[in-house]
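Order of writing sets the chain letters: A, B, C, D and E. Residues in each chain are counted from 1.
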Amino acid sequence: MPVQYYIFLSIALFCIGIMGVLMRRNAIIIFMCIELMLNAVNLLLVAFSKMWADAGRIDAAAAQIFVFFIMVVAAAEVAVGLAIIVMVYRNTHSVDINILNRLKN
Amino acid sequence: MNALISTALSGVVLMFVGLFVSNRQRIKYFAIALVLVAFVANLLELSTLQGGSQTLFGMLEISKFGLLFNAVMLGATLLYFLLCGSEFEKVGEHVADYFALIFFILSGIMLASGFSSLLMLFLAIEIISIPQYILAGADKKNLKSNEASLKYFLMGSFSTGILLMGIALIYGASGTFNINELALGTGELHPLTIGGIMLLIFALAFKVSAVPFHFWTPDVYDGSPTVFTAFMATVVKAGGFIAFLRLFHVSFTGGAISQHWLLVLAIIAAATLVMGNLTAVFQQSVKRMLAYSSIAQAGFMLLAVIALNETATQGIILYAAAYSVATIGMFGVLMKVKDYTFEGFNGLARKQPLLALAATIFLFSLAGIPLTAGFFAKYFVLSAVVQQGNLLWLVILAVICAAISVYYYFRVIMAMYFKAGEPEVAPFTPAFKTVLIIAIIIVIVLGVYPGILLQWA
Amino acid sequence: MINLVWLVPVLPLLGFLINGLGRRYLSKSQVGVVGSGVILAAFVISVMIFLEVRQPGFSGQVVTLFDFINVGRLQIPFAFQVDQLSALFLLIITGVGSLIHIYSTSYMHDESNEGFARYFAYLNLFVFSMLLLVLGANYVLMFIGWEGVGLCSYLLIGFWFKNANYNKAAKKAFVMNRIGDLGFLLGIFGMIAMFSSVTFSEVFSKTAALGAHSNYSSQIAIIAMLLFVGAMGKSAQIPLYTWLPDAMAGPTPVSALIHAATMVTAGIYMVARSNVLYTLAPQIQTVVAVIGLATALLAASIAMVQNDIKKVLAYSTVSQLGYMFLALGVGAYTAAVFHVMTHAFFKALLFLGSGSVIHAMGGEQDIRKMGGLKKFMPTTNWTFLVGCLAIAGIPGLSGFFSKDEILAHTFEHNKIMYVLALAGALMTAFYMFRLYYITFTGSFRGTHEQEHHLHESPAAITFPLIVLAILSIVGGYIGLPEVFGVKHWLAEYLSPIFAPSAPFIEAHHLEHSMEWLLMGLSSVLVIIFIFIARSKYVKYADTGRENTGLAKVLENKWYVDELYDAVIVKPLGMLSRFFQDALEKAGIDRLVNGVGRSITWGSQQARRLQNGQVGFYVFAMVIGIIVLFVIGLLL
Amino acid sequence: MNTQQVIFLVLSAISLASAMGVILSKNPVTSVLCLILTFFTIAGHYVMLNAQFLAVVHIIVYAGAIMVLFLFVIMLMNLNADVEPQKRNWLKYAGAISGGTLLVILVAALRDASMPSLQSGSSDIGLIANLGKTLFHQYVVPFEISSVLFLSAMVGAVVIGKKE
Amino acid sequence: MLTVLLILIPLVTGLLTFGLKGSGPKVLGLISSLASLAVVLGALFQFRAAPDTLHFAVNWIPQLGSQFNVGLDGMGVMLCLLTAIAFLLVFITIFNRTYENQSSFYGLMLLSQAGLVGVFTAYDALLFYVFWELALIPVYFLCSMWGGEKRVPVTFKFFVYTFAGSLLMLVGIIYLYLQSPDKSFSYAAFTSLNLPVKEQSWLFWLLFVAFAIKMPIFPFHTWQPDTYEQSPTPVTMILPGVMVKMGLFGVIRWLLPVLPQGAFMWADVVMVLSVIGIIYASCIAIVQTDFKRLIAYSSIAHIGLMCAAIFANNEQSLQGIQVQMFNHGINIIGLWIVVEIIQSRLNVKNLDELGGIAQVAPRLSIFLVIISLANIALPLTNGFVGEFLMFSGLFQYNMWLMGVAGLGIILAAVYTLNMLQKVIFGESNALTATTTDLQNSELLALSLIVGVILVLGVYPKPMLDLVSSTTELVNKVF
């Protein structure tokens, strides 16, 4: 089975994520879309690791380690990100990014 | 390596110090001591390092160049603590934590200057970014601060996604994350590689706030507490550049490969120069002007990334030093002035000659006037690009932009010297004065005799 | 003695310095003594020099003082050339000069102490520059004097600087001279480019050498023409003559010295000096002749209807200068120099006379307000009469010989020119005697208090008049034509100067009968015209009616000033204003400022992008990614 | 068309659909659920690419921890459909279009990439033992470094979240 | 060593001055300028004895192969002399005036002097550039702090204009530096480059624009009249007196020898521009009613002639231009001193409000007349020699061009005489009747100037000999 399938799949997921970021105003949803993008990347990496493993490279596990780290980072980001969102919500009682335009020009 | 460890540990230590020590002054002094330690440790390593470089599990490379850069960054941070340290407590009560976060950022920068695996690059960038999200929002009650934090966070993680996609594609093409192996592997140009490089460029361009990925910069710098803006705009930005430069210098040089990204990067640089300088001209607040000027300066540093030669690497170090010192100093002055608008500076020269003089020197340096560090910084990157050849148009553009930059830097000078006014200035200690004078001296010395720094590289 | 020639110019310079610096402290008498004394001393030395120079077989001597400009091959020393020509001019300048200085001591006595000193300082400075001009051994030195005299005339015309019109006149004189000087300068550069030297001896020898080859003749012609432009300016020839009549704004002795006797003859001196150049450029010679003749006629015609005593003399000067150039044009260099000398005598005489009259009339210059002065001031009267007779060319007086020589040569050269020249001579006779009769005969037409203190002028004024009168009578005898069966002494004397150009002039001489005929003809006609003038003006009464027709045109000097004003002055002003307002302000400056303005404008536009909307930011980023991706892939 | 490909297609179809669901659904809660579904399908893919360990971790970390956190926050803010004001439509379309274009471009860029294909046979790189070795041998440095990341995240969460 | 001293004296004293109070700055300024003059004279004699001993070089930035390399050739000595004299004159003239916050005023003046001397002595391109800017910055502050009411925007325009120009020059310098075989900025290395013509032709403009703006020649001149009008008169004496010479000097020292073909290629264009400038500026000067602007435009016209003379580039024109650099400096400073005096007495700049000063202040008037005449190059004043040689050289380059340029002589006479008439002649009005004549310090300054004018007018040989070495050098490589 050609790896292109996975490439296209994950690119598709990635772009869907981007679309989401572009289309939504709810900070949380946007954040979720970003997570989606990360997962697309993960998927791709895993696919590649398989590919290189089959191609007989011994260090192919590296990609999976990388995915592992991405998850780690993602988790950390979520912690911080949600904290920020909550903080903003506390002050503005909204998570709508469009009302955040005190800073401009 | 020393520096990396010491900064990381310092961060941890400070976290706990925050629990036991309530006296903020003391915390500050402690932090200063720690950064000093890191600085010295780094210098020791720099002086004792024999041979070109040594690597750690193919993950970290310790090279003279990287260490020198770390030294510059740590020195800048030291200056930053000395000048702005007392402003921390004005932001919020978690002073120790703020210091801790800044130390974490530093350790991230130490990584960025020495990574030899894309994984480390990723981690470095994240370690640099995440604390910034927090620092940006440190002033919790202030809506602007909140807004800055959220904006930065959302866009930052978005760019992280793009970075990762780029890494993934490159891995797909080459099967390795090690940047040195990448350099060997990119003989034949795989479509994935090209795509990956593109995405990497975009992601890193975001981190160094290059047009069209710069939009977060003014808002975030404007919204965040000024004291942290000073740090983000200087040390952190330089860190982003070292990562950028290192990645491309090691992996993607060479005619066949570089011609694929050179033009894109050149366009980005040109756009950055133009937009940054142009937009800065019409600002009302000095703080925001500095934000845009940081974009403009990024444009110049990008020239070094484009050129990717000996001069460029020397240039980036010099530039990092000159730019950081000048901007930190400028922010230091700014924080003493109550009103951040240009009018707020009217008549400063009469009231506080020293502040005015310092600001003038720093602005000269930023504008690249000879006999200040900024001149040689600009000189090096420009000559690097000229050396690179066939991008003379970019050089001319850069030069014109430099001329434009005078326009907004000198607005401050005019306000201070040629306009009458009664600026309210926060009181400052003699210590602050001395530090300011030291900063001035550094700027001048680097401007008169840059060799003092370059001899290490 | 000749090695002391540097004293001749240095003495007046000393006078200038003493009078100029000490003007606060010196009394009038001291100033007068110093001012006139230095010139007299100079005169004495000149006489000695002359006596040496006139020894037969004396060929010019160059006295080098120091290096002025040395650039590579171009060597311009500060050197004086003493030879027949310069020696003669030395005599004229210092001689007439000292007379006029003496005259001035009395004439300017009403001036304030300081003004008096200033006047003499200027006058001495003028003499100094004039001497430089004639003594210079190269064209640059000549040019130095050339501009120097221009400056002095500027200063002296504007001597009464409170009066704006006088200043205007002075300015006009200086600027017109400068136009000429530019020509002169170009001529000099031409020489440098061609001979890489400006020293007389070298230039002339090289020219004579090249003269044979026709392919150089054009360059020589250009140089000659350019030099002549300089002469036009200095010697008030068409088209640059209009400044001279206005120059009468200055004190009368100044008019006598500068604008009659010496400075204005510099042009003739220069052309005579560079006779080789002209002889080798026949076409330019023709130009010179034509312009000279035209000037002579034009000025004479104007002079016939002027009513300001000095203006009449001024125009007559212009016309006499015209004659001199005519002479030069027809190759009669000796005649020209001869006329310069005689003219110096009688025109100085006339001016000083008119000065004496004006002095007596208390500053009145309009001859219609005079009349019948004969009985009040006899000396002035007879000297003035002598002057008129001389200039009119009554046989036996100096003017007759010099002018007749010119006419004769003109006749040889071209009959039509001769006729015109003769007509000019007759006009001269007419207007001079018109002037004389209106002024000195008839009944007094001035106011009573003027009549009340009409008186003969003091000795300091009359003495120079008498001396000059005598000179005007006898001055002609150094140049008796050969028909009288004697040697033409002056021609003999000057022959070394014109020797270089002699080989290029084909000498054909009129037979004596013809010469006698011409002489007789002109004399008779002149006398006739004098009588016409007498009949018209001896009982002149001022009928205040306007002139009409031609007379009106003449009275308005052919409207030449108006013409210049319309053709040059006004357009220049307009051009300047156009540059100032249209180009400078609205054009270049706006362009420069426009750059700045467009930057601020662009800045305002750029700020719009920063609209604070995260959504938009991300959107822009994605667009950027797409575009750059495409670019990156297409290349 | 072997079973593997069938499964792949099915899974991909579900994951894409649910991903679309995430960005299209009006109600945040629905999007969260869709996202969870997407994650599960991705986990399926992992299994197929025999990265078993990652699959498990993925479920635990994402579906288990992260998404719960999200859900929790959303509940806490009790956001539902009518709360979130909609973007102006043209902006939506602009976003969709630009995203689509990016997709097209990327696909076009990577279409003719010649890659080694995936064998059906299973390999053991994805096994925990193997990963463990790698992680603690040459990836020990990043592992340590990531602790710094965590610490900073922790500090940050405290600084931001703590009430004053 | 003397050369270094020449730079150090004003630099050090300038920095010291900032600390002084009261009349200290004045005195120190005077002392320092006297010292500089003394040193220059010393250098002059040493130059006659052993020219090479005036060179001095130490490594500055080895990473770049840039040296602190200073030296003096004939032209350098002459211009340093001019600088020293100029500042001395300025300090003498304004000795009786007091400026607010005096210490900075004198400090900045001295710093700019250091910069100027540096420019004239630098034999290392990078050093040259640095000094080039160093000379500019203090002037910027001087003008915008002590100038007229519109000073800030005007001076800023001037600053940005020149700064942009010099940045382009920097690019050019970098390019040349990279072309040099042993990566060096030294004058020797640059002059031995001989690049292909194509490169020279565009490099020429990179460098020339900076110089052209500084001079300034025709299309680049608009900053000048405003600046002269607005800036304080002491600065206005330095600007055209010395600073303008930087541009000409740059062309002679750096442009012609380094890019001969380029210069040759564009000579015609430049000369046409210059000649246009002569006529253009003179015409505008005729209709000026502002004393300062009139002189500014006259200066532009003169500079146009000098620039043309440089590019005519034969022995005579080069000798002429160099001598004229000095003489024009002296004359224009003299004119500005007179302006300064009249303004400080009456404070009007409008010519129509003046007049009749000759009656009340004869000495002042005489000096004004002499200096003006020198300014229009009357023989036996210093102005004549230079202009004569320049025109002569121009004539040999192109007769017609010179003819047009020559019209400048006439126009110069026109506007100068207008000026004289309006200022000193005519009836004095209520205002001008109050004019007091010269004070001693002013008398001293003006007498010095007139002395120089006459001496060099009658005996220019020493000056010509002094600069002849430079001329030969330029002629050789060009």
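What we mean here is this: a residue touches a chain if its C-beta (ideal position, glycine included) is under 8 Å from a C-beta of that chain, and two chains touch if they have at least 3 such contacts.
Chain identities (UniProt): A = NADH-quinone oxidoreductase subunit K; D = NADH-quinone oxidoreductase subunit J.
Please read all numbers here as calculations on a predicted model, not as lab measurements.
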Chain whose average C-alpha position is farthest from subunit B's own: C
Interface with the most contact pairs, given as the two chains involved: A-D
Chain at maximum distance from subunit A, centres defined as averaged CA atoms: C
Geometric centre: closest chain by C-alpha means: E
Centre-of-Cα separation between subunit B and subunit A, whole angstrom: 26
Interchain centroid distance [CA atoms averaged], subunit A/subunit D, Å: 6
Chain centre separation in whole Å, for subunit E relative to subunit C (CA means): 37
Computed distance of Cα centres, subunit C from subunit B, in Å: 78
Per-residue multi-chain contacts in subunit A, two or more chains: 3, 7, 14, 17-18, 21-22, 25, 31, 51-52, 55, 59-60, 62, 65, 69, 73, 76-77, 80, 84-85, 87, 97-98, 100-105
For subunit C, residues that touch 2 or more chains besides their own: 596, 607, 610, 612, 614-615, 618-619, 622-623, 625, 629, 633
For subunit B, residues that touch 2 or more chains besides their own: 119, 123, 126, 130, 133-134, 137, 140, 149-151, 154, 158, 162, 169, 172, 194-195, 218-219, 407
Every chain pair in contact, whichever chains are involved: A-B, A-C, A-D, B-C, B-D, B-E, C-D, C-E
Of all residues in subunit C, those that touch subunit A in their complex: 607-608, 610-615, 618-619, 622
Residue numbers on subunit C that touch subunit E, as the complex places them: 66-72, 74, 114, 140, 143-144, 147-148, 151, 154, 158, 161-162, 164, 167, 170-171, 174-175, 178-179, 181-182, 185-186, 188-190, 192-193, 572-573, 575-577, 579-580, 583-584, 588-589, 592-593, 596
Residue ranges of subunit D in contact with subunit A within the complex: 4-5, 8, 12, 15-16, 19-20, 22-23, 28, 31-32, 35, 38-39, 42, 45-46, 49-51, 53-54, 57-58, 61-62, 65-66, 69-70, 73-74, 76-77, 79, 84-87, 91-92, 94-96, 98-100, 102-103, 106-107, 110-111, 113, 115-121, 123, 125-126, 130-131, 134-135, 139, 142, 146, 149-150, 152-154, 156-157, 160-161
Subunit B residues touching subunit C - in the complex, by the definition given at the top: 150-151, 154-155, 158-159, 162, 194-195, 198, 201-202, 206, 211-213, 215-216, 218-219, 259-261, 263-264, 267-268, 275, 278-282, 404, 407
Contact set on subunit E toward subunit C in their complex: 157, 160-161, 219, 221-223, 280, 283-284, 286-288, 315-316, 319, 356, 358-359, 362, 373, 378-380, 384-385, 388-389, 391-392, 395-396, 402-403, 406-407, 409-410, 413-414, 417-418, 421, 424-427, 459-461, 464-465, 468
